[in-house]
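Okay, so chain A shows up in both of these, paired with chain B first and chain C after.
Moving on, here comes the complex of A and B:
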């Protein structure tokens, strides 16, 4: 430290002995170098994933979700499951894990005991989880795609706006559950009829939400500029509107994905969901509800898996929505 | 640039009323505005905030519809409706053009275009094809360089947006060449093409805005306060670019501004507008030497003088329409008092103005 000060004093002495001409000289003005940008290149999606994977919780939840997904896809393939295999043995109904294992021998199958028809809860949970995850992804994809495209055009087109507003006001006044249950009664209760029931009006609310978002950014000056350049509406929607809505889309997706799992569980629970031959978490809960104190394993296992999937999807979705907001990219 | 001026106006604004809202909420932003812009000149539109400058500019690029009157560009109707009594004169002019075009060996496309234009004069309806043609020929530069660029698009996309819409290039190579040429013309670097608008300074962004208009090779540019949002040190750069493009490409500008010192530097003629009414039109030096309308005088007296003593002792001329004019008996109108100088006033005032000027 002291050495540095001494050195500086010495330099100053040397400097003061020089004439002004040696100390100052004219620099050439360089117009090119003043235009250069030294900041690192910015890439939107790279920044999104950088922020997303910086959080440890996201790695953990992704791992957990991957585990649930792999189990639900491959477990039923490796161990084919027939829930009616013990139906003739009435003494196999609602056995606790310990009793089931002592009766049938130690096996993964009896890890969570048996259900109301002597079925394996452990096998059942994975087979049902596959249905729930597939249902939520199919419904969310259809509803989001329809909702975003129609919502964007809805916000942009004045004549379509007045028509769709009337349609929305009529349909939004009818409870969604009622529409879904009526649809299930009309077209049956398999997997795909259920998807149709959930998507026939499900996109309308999302479209309405996006219509409002589009209205907010529609009249910004850069959209006016695009109009002056003669850009067609669809290109404006694709390049000027949707990129601004990525984080909003992620937020909606974060609530939509777990939402359909909840719908399935709820509707199966009240008895109008998926048909009996499609394994589903809602049905497992419904069949075990009578004994959820005396046979807790049959009730809490599907409840836990359903909750785990919804919470994981919701938190992951929210964190992705946060990461896709460019204000967090600094 | 007066020597370049041709005798026929390229843009004609006639008796234009622009009204927002309907019924009781109606608001007349511009009333009975008329002026011509000749090819190759720069006309400035000056006035205070809310006087209707931007509204007129946006009517020219057809964002605002015209309620009454009409705007023509190159003798083609672009906004509003031509009244019955003037239709004949327009059709006559177009038919003369048609004769010349049809005598040319490869004038087929032009003949069809003129026939469509005649039809437009008759019906007042602008076809999709005509509309696209107008969009390409008339471009706009916006006031706020930050708000007028799409934040989520690269500079390359922003500049080539217009080129893509009209397919104004032969192949991909040609497109890249055009973009790189224009970006170096506005003093930026080709390496900026992959960058996003938020990485640029205000002056650089405004030059990007300029580049995306110029690359369309327009004939007419509406510059809506293009330098108001910029740092004083950057203003000259953008103004010089505008002048450079004008002399290189023979562009015509409608320059909207409120800073009179800049207006004096850039424009050939000045249109003064107050509360939606045009009060004075004259060539730049004529207007600065002989401001006649009291509102123009008040604007002139508001120009800051770069001398603290003079500035402090300056007497400001305040314009109060109720005290200055008595329009209860004689109604005012925009009258030519000679030297290409138009002033808004009634008979008595005009006589007075002529005396002062004469």
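Moving on, here comes the complex of A and C:
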């Protein structure tokens, strides 16, 4: 022990005999490398999709949805659906797949039999699925966009807060289903009246939810700090608040998207659905419901497709919401 | 607390007024008013001017416009002048014939007076000229009419102004009726006391009987207008509250025979008698001791509201009975098999359109358990309630499971539970004394909504099974364009939602002492 200390002292003596210039040198300050963080590179959206695609079920559901989407877009283009083609032949009504094929020959068209006016169920389902998917995406886009933008402003603006609170408290007293049915009744049926009916107050609930979320995180320390540093509110909302709420947005989207398809089915069922020229799943279900015991194929085919679309959208949305929560990225 | 409640109720009334106002203005200004003649059998029998007059009279009845007829105008004018024999008076005959001539009618002083009076009030004056066939045969007489559209805003105020009607002893306009009173009497039919009135429209103002809801009143009448397509000319309150089904015949004593034991087979509900100002028939005199001789019929079924409510309330009980324990079970077995199965069910309920699974329940119930499907064709009426109740309960159980599981897990992971565990409390104690009451706080708010929601009925369920309930009424009203029914349904649904929200808040404050309405938040 003592020996080592003596040796060290000797070494030091040796070092001190060297000139100072040999021992020290100046390090230039490097602005580029000082910006570098030595932790692993992190990209938010890359991580989201990494987590999302780690689950096998998501690949499967995404594939299934892509299949339904492509079929509903391209199938009616190649094999146009004409609901009224067999309307004159009353003996073509409600034929089971086997009977239809023996009558009209084996073809894809009669794969699911015929419906209430001799229409091909298989063709009809794809033509209708396009309408339902389009409706749900258009409504969800409008409601989410309005809801998020207005909700964010609502959370910050005091005058708007007092006005919108009154409006919200009034509208929240009325069941949504009542508003939608009365609106469809008043403005008439059709694709765009439908969109108007579903969006005229649909954004309000989302906006209110967002307002509450914004209020919760608006006054957190990091946002106060941003504001103290003079960051404009718009930037705070865009960079601090909205990213924080991404997974919340996804969760809402997961319930909104299938919701609109359900509304279309519901409204068509009670008889105020889309206009007769627009094929939709709800209408197919409505027209086949009288024969739901005797002619199950005509009823259950559109029901199955509608349910498949809604379940896929819901589960995918939920999983995307899980994946977009940064806490799962570790 | 009282101040808060008062403020809340005032705002709710304002909200109700705005919602009904908006719907009313939209419905009555945007929907084609001629839709009220759909399903009207009279319209096919009328032609020419009589058709026009019939239409205008109906529009007036349903509150679309104000209408005055020249014929009634001069009739009342000359009656006032010459008494009851005015019809033979030459002046009157001349006045009433004046409008038959299209060219010269404007020169008649009575016509000029009529036009001047109503034009001053901004009425539109219209002459429907006499119509004759080409061979000169008479088709229809001439009419001179004044009409004015009622704007929806005026209509709205009128609607709310006339909504509540109290019965008074001056209701009956019969100068021969001198004995007017309201008093408690012993009702021999039910052997209970009853509040009986004379001079009021109804004889029995408060009475008891063996029909749901057992205590009945006729003092306050809520006037929601009349249905005009679904139930032609029936008061909407009656549509809601009157029994459905076939007429029910029972052995009953006539009011004159009360106490004698002499019974007759009749479908009348003698407690509902109203005053009859017309001349009484000998049969009526033999049956009734007084002029209250107009009873309504009794029906075998429940009323729409009772139908919806009995289905709704039983399904609500089932929901809490099964949903709560299942939600707790899922939370306790988190990530195990029970939780996974439960989650699968919840996803199914949330994502699949409700129509799809209601039909699925229907086909399972029918094919496997042999339950009746359509309400009207069920042989045993009781059995017809089973499928709708279950179809209503199953999805709601899923919803309750989802929330109960979420709240339980949140509570079980909170610090105070960890602390309780470290203090050595048993799991059972933690569960029953700490986790459950706290998790339940979130659910308390929704209980009044569930109970009152049972009254509004279930739109899809009732339609699928053909239940004559309130929920099916809205869809009926919309598909048949029954505007006044739509407005009434909006009012009904909105009122119940408002009440249940307020009741939910109050219940929450009662259950959770931390919540108070007196302190303002910041």
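Definition applied: the second predicted complex is superposed on the first by the 292 of 330 C-alpha atoms of A that agree within 3 Å, B and C clash if a C-alpha of one lies under 4 Å from a C-alpha of the other, contacts with A are read in each partner's own complex, and residues count from 1 in each chain.
Everything below uses one rule, namely that a residue touches a chain if its C-beta (ideal position, glycine included) is under 8 Å from a C-beta of that chain, and two chains touch if they have at least 3 such contacts.
Everything quoted here is computed from the prediction, not taken from an experiment.
**Student:** Using the superposition on chain A described above, determine whether A:305 touches chain B (first), chain C (second), both, or neither.
**Tutor:** Neither: A:305 stays clear of chain B and chain C.
**Student:** Quick check for you: in the superposed arrangement, does A:174 touch first (chain B), second (chain C), both or neither?
**Tutor:** Second partner only.
**Student:** Given the touch rule stated above, what does A:265 touch, chain B (first), chain C (second), both, or neither?
**Tutor:** second
**Student:** So which one touches more of the residues on chain A, chain B or chain C?
**Tutor:** Partner touching more chain A residues in the overlay: C.
**Student:** Can A:231 be said to touch chain B (first), chain C (second), both, or neither?
**Tutor:** After superposing on A, A:231 lies in contact with chain B but is clear of chain C.
**Student:** Using the superposition on chain A described above, determine whether A:316 touches chain B (first), chain C (second), both, or neither.
**Tutor:** neither
**Student:** Can you tell me which positions in chain A touch chain C when the two form their complex?
**Tutor:** Touching chain C: residues 169-170, 172-175, 177-178, 181-182, 185-187, 255, 258, 261-262, 265-266, 269-272, 285, 289, 292-293, 299, 303, 306-307, 310-311, 313-315 of chain A.
**Student:** Which residues of chain A touch chain B once you look at their complex with the stated criterion?
**Tutor:** Those in contact with chain B are residues 31-32, 35-37, 39, 41-42, 44, 220-222, 224-232, 235, 239-240, 243-244.
**Student:** Would you pull the chain C residues touching chain A in the complex into a rising list?
**Tutor:** 11-12, 14-16, 18-19, 23, 26-27, 30-31, 347-348, 350-356, 359, 363, 366, 373, 456, 459-460, 463, 474-475, 478-479, 481, 486, 489-490, 493-494, 497-498, 501
**Student:** Can you tell me which positions in chain B touch chain A when the two form their complex?
**Tutor:** My answer: residues 61, 63, 132, 135-136, 139-140, 142, 144, 147-153, 157, 161-162, 165-166, 187-189, 191-192, 194-196, 199-200, 204, 209, 212, 216.
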